[in-house]
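Chain IDs A, B and C follow the sequence of writing; residue 1 opens each chain.
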Amino acid sequence: MTDDRFFTRCGPFSLGVLAACSKADLAEGASTAVLLRGIAPLETAEADDVSVFCDARRADAFAVSRAGAIITSAKLAAHRHDCANLLIARDPRFAFAAVGLMFHPRCTDTAGISGTADIHATASVGEGCRIDSGVVVGAHAHIGEGCHLGANCVIGDGVEIGPQSVIGCNATVSHALIGAGVRIGAGTVIGGEGFGVVLGPAGLMCSAQVGRVIIGDNVRIGGNCTIDRGALDDTVIGSGTMLDNLIQIAHNVRIGRNCIFAGQSGVAGSAIIGDNVMVGGAVSISDHLTIGSNVRIAGKSGVAQDVADGAVVGGYPAVPVRQWHRQNLALAAMIKKPGTDA
Amino acid sequence: MTDDRFFTRCGPFSLGVLAACSKADLAEGASTAVLLRGIAPLETAEADDVSVFCDARRADAFAVSRAGAIITSAKLAAHRHDCANLLIARDPRFAFAAVGLMFHPRCTDTAGISGTADIHATASVGEGCRIDSGVVVGAHAHIGEGCHLGANCVIGDGVEIGPQSVIGCNATVSHALIGAGVRIGAGTVIGGEGFGVVLGPAGLMCSAQVGRVIIGDNVRIGGNCTIDRGALDDTVIGSGTMLDNLIQIAHNVRIGRNCIFAGQSGVAGSAIIGDNVMVGGAVSISDHLTIGSNVRIAGKSGVAQDVADGAVVGGYPAVPVRQWHRQNLALAAMIKKPGTDA
Amino acid sequence: MTDDRFFTRCGPFSLGVLAACSKADLAEGASTAVLLRGIAPLETAEADDVSVFCDARRADAFAVSRAGAIITSAKLAAHRHDCANLLIARDPRFAFAAVGLMFHPRCTDTAGISGTADIHATASVGEGCRIDSGVVVGAHAHIGEGCHLGANCVIGDGVEIGPQSVIGCNATVSHALIGAGVRIGAGTVIGGEGFGVVLGPAGLMCSAQVGRVIIGDNVRIGGNCTIDRGALDDTVIGSGTMLDNLIQIAHNVRIGRNCIFAGQSGVAGSAIIGDNVMVGGAVSISDHLTIGSNVRIAGKSGVAQDVADGAVVGGYPAVPVRQWHRQNLALAAMIKKPGTDA
């Protein structure tokens, strides 16, 4: 059961309602009327919790779980279990996520503007916003309806933020146009000066960086990321793209829609990334590359060449992932052979 | 000599007192009565400074050092030197650290709460706390005795912080239970939403993340780290574990006691790390792995498989460190042989 | 054309003035009198914009650009084009950077101190400074003339900042002496405690870190970086050195002049870096190494050995870059040969 000090809770909901909202079917014998109050892992769930079984390696926990209801697939439901109320979903992960958001929806923040927030007289703030202590909003900024600006975050002059967006505590947003339903983590810096170093007669100098950051709708950016503004063009992150923590997106990068970037990955200047790209943790993508759509990049890879649509790459430097695995095996085998042993 | 603009200083202490407190022995001829006022490197130490000699490669500096006292080992003391007051310690690094903390102890902050801090009426603050300008403390948060909250840090609703802990400037802490004597660096984000992306019928969505972050006693976390809260279970960092800067700890990760993580390392979701594990800088550990106790991981490794207790691994992908070194040598040798040259 | 919500604009300037200030020559037929109002990429530039053509791969865009003036080199000017006003520069990148800074100079901030800034009574602030909302300046700190302290940044006790420097929003600066014309990005932490972990009889402990951070003139540091203070000695960054985002510089590191560090790179404790070193993105440099001057390190390399002046290295572990490329080719070739295929 979740810790009520930290999370607001809606419900209870009947199993019938949960099934309908998560597009799952009640297994034979399940009671539509049973009331559930929250979500929990198989091991600790109690009679009023919903849990999920979506990985056969967890069959032992499924067998003895005391959860009031468990979401699983038709195939996994064949594993031994003691729970009378199964919900059968095509994709149990999605169904459980939908149920979790019913109990713990994101937008329950109370509206109101802290007296210690410093909002410029020329800024506009939509209805229903929550603006916490110490927030600074610059001149001519526009904050859409129902946004939440976390404590001590800074919104620069002229920034536009669409409705229902959330900016984390201590984040800094400047030179940016941000869509609706965007969530930006604590400490993240959006719109910082791109890294444009030029060697001049008197040493290194930094060129003016006069582009913007354009972020689509429903983008999610984690904590302590840095998304630089463009040099001349804009830096763009397409709608539905999800970024984890500590990610670097350099100036002029263009990322498509529905991409996933795991933690500590980074994209160097002017690279272009397609749609539905999955980037593993700590991956680095070199500047000016073109990465196609539906590409997958293994964790910690260093990508130094263009990648075609649909390719799966890995390694440093990154190569097709099957080649990479075979290279690793060949290298391991090499030192086992007499004569090549170093 | 340290810069008194930045550091408070206790003492002076006699060599006898320093020896007793650092569990070191006075070498023959050393004067127990000599007064020392601070710590300094061998090269710049003066007659009232204590220095340390713990690396034979620095023998030249030891030979000519003008330090008033030098901590070293019985073996290293045989090197030529001009200093009359040697302290002989089994572990000179530890003895010097103990002496350093005598001159520059951590907890000399003056208690007091800034008038610009915004502390919720329902929060509790223990005696002797120092809370700096612009700090925000949320509803029902509990701050233990003698804590220091740095300027502009944000403590979320319900957070509990044990006594004698320090939260850095501009840090953000939410959804967390934190032990005693914990030190968290500036800009670090504790308790951010874990990265739980699920593909739903309408595109990518993020599942509710309703776990917490549990941090044991005497944990040290550096600057600009991100420690996400769990999805359903908690993210846990065991007592005595030390994290450097810019480290990512994903949701549901469980780290044991007395581990050391160097800068820019990262652990992906649900990985389990034992006790006394040493993780080099920029190491990446994949999700759902189990890393045993007493494991050591070479800098910049990418760990993609479980690692057994006591193993030493390195490389990308990580393999036993001896294998990795041999692979590197074999690879270098390969391009030197006629016929295999690319 | 740049977005006037975000950038102030000087000018217009005549082509003659721009040529003189950027040390470029007017091509035959160019009009010295034509007035330009801004900078833009070749594709979107209009009749009052200056653009740049410095990469032959962009010849198609050059051919059809409607820019009012284009900066290029004598050689590239031979490509087909429709623009009557070319400026010929030895280094078009530098000339364009100089022109860009004429239209968008950095130091146009209005002076003034926000009423919500908390500046200690013993701190001194030079003339012409801009200090934004929520800034905290500690006791005995000295802020030079014409500095800009971004909203909610924190300047610790005793810190000295030279004239014309800029500290980003939500940045934290402590235990540091900072030169003139330095720019530090949002969220960056300067002067945090170095990571000095020692194994004592009661477990791990952190030694006192009583050095400082010394930053030269005209240094540029990006967002969310961490630059730790020294343990006994200082951490030093030489004048003119440029750091991108999310970079870790550990305690006692000494970096020379005019170095370039790309994003997410890191340097472990006590390493020494020469002058004019170029470090690629996500590079990691191990502790206590000596990297000579004029060294270049390929992106994502892991440097584990000293590097001599002028060397170019790459790989993990890093080797001479030609060796690295040959190793990669040999490895790829190996799995294609019958008999060695794993």
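Heads up, the rule we're going with is that a residue touches a chain if its C-beta (ideal position, glycine included) is under 8 Å from a C-beta of that chain, and two chains touch if they have at least 3 such contacts.
As the structure is a computational prediction, the values presented were derived from the model and not from experiment.
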Taking shared numbers over all numbers used, above half giving same and below half different, the chain A and chain B interface sides are different
What is the size of the turn, to the nearest 5°, that moves the C-alpha atoms of chain A onto the matching ones in chain C? 120
Euclidean distance of C-alpha centroids - chain A vs chain B, Å: 28
Could you pull out the residues of chain C that touch at least 2 other chains? 116, 134, 152, 170, 187, 224, 246, 264, 282, 316, 331-332, 334
Complex contact set, residues of chain A against chain B: 2-3, 5-7, 23, 39-41, 91, 93-94, 96-98, 100-101, 103-104, 106, 114, 116, 132-134, 150-152, 168-170, 183, 185-187, 218, 220, 222-224, 240-242, 244-246, 258, 260, 262-264, 281-282, 299-300, 315-316, 328, 331-332, 334-335, 340-342
Residues of chain A touching chain C in their complex? 116, 118, 134, 136, 140, 152, 154, 156-158, 170-172, 174-175, 187-189, 192-193, 195-201, 203-208, 210-212, 224-226, 228, 232-233, 246, 248, 250, 264, 266, 268, 282, 284, 286, 302, 304, 316-317, 319, 323, 326-327, 329-334
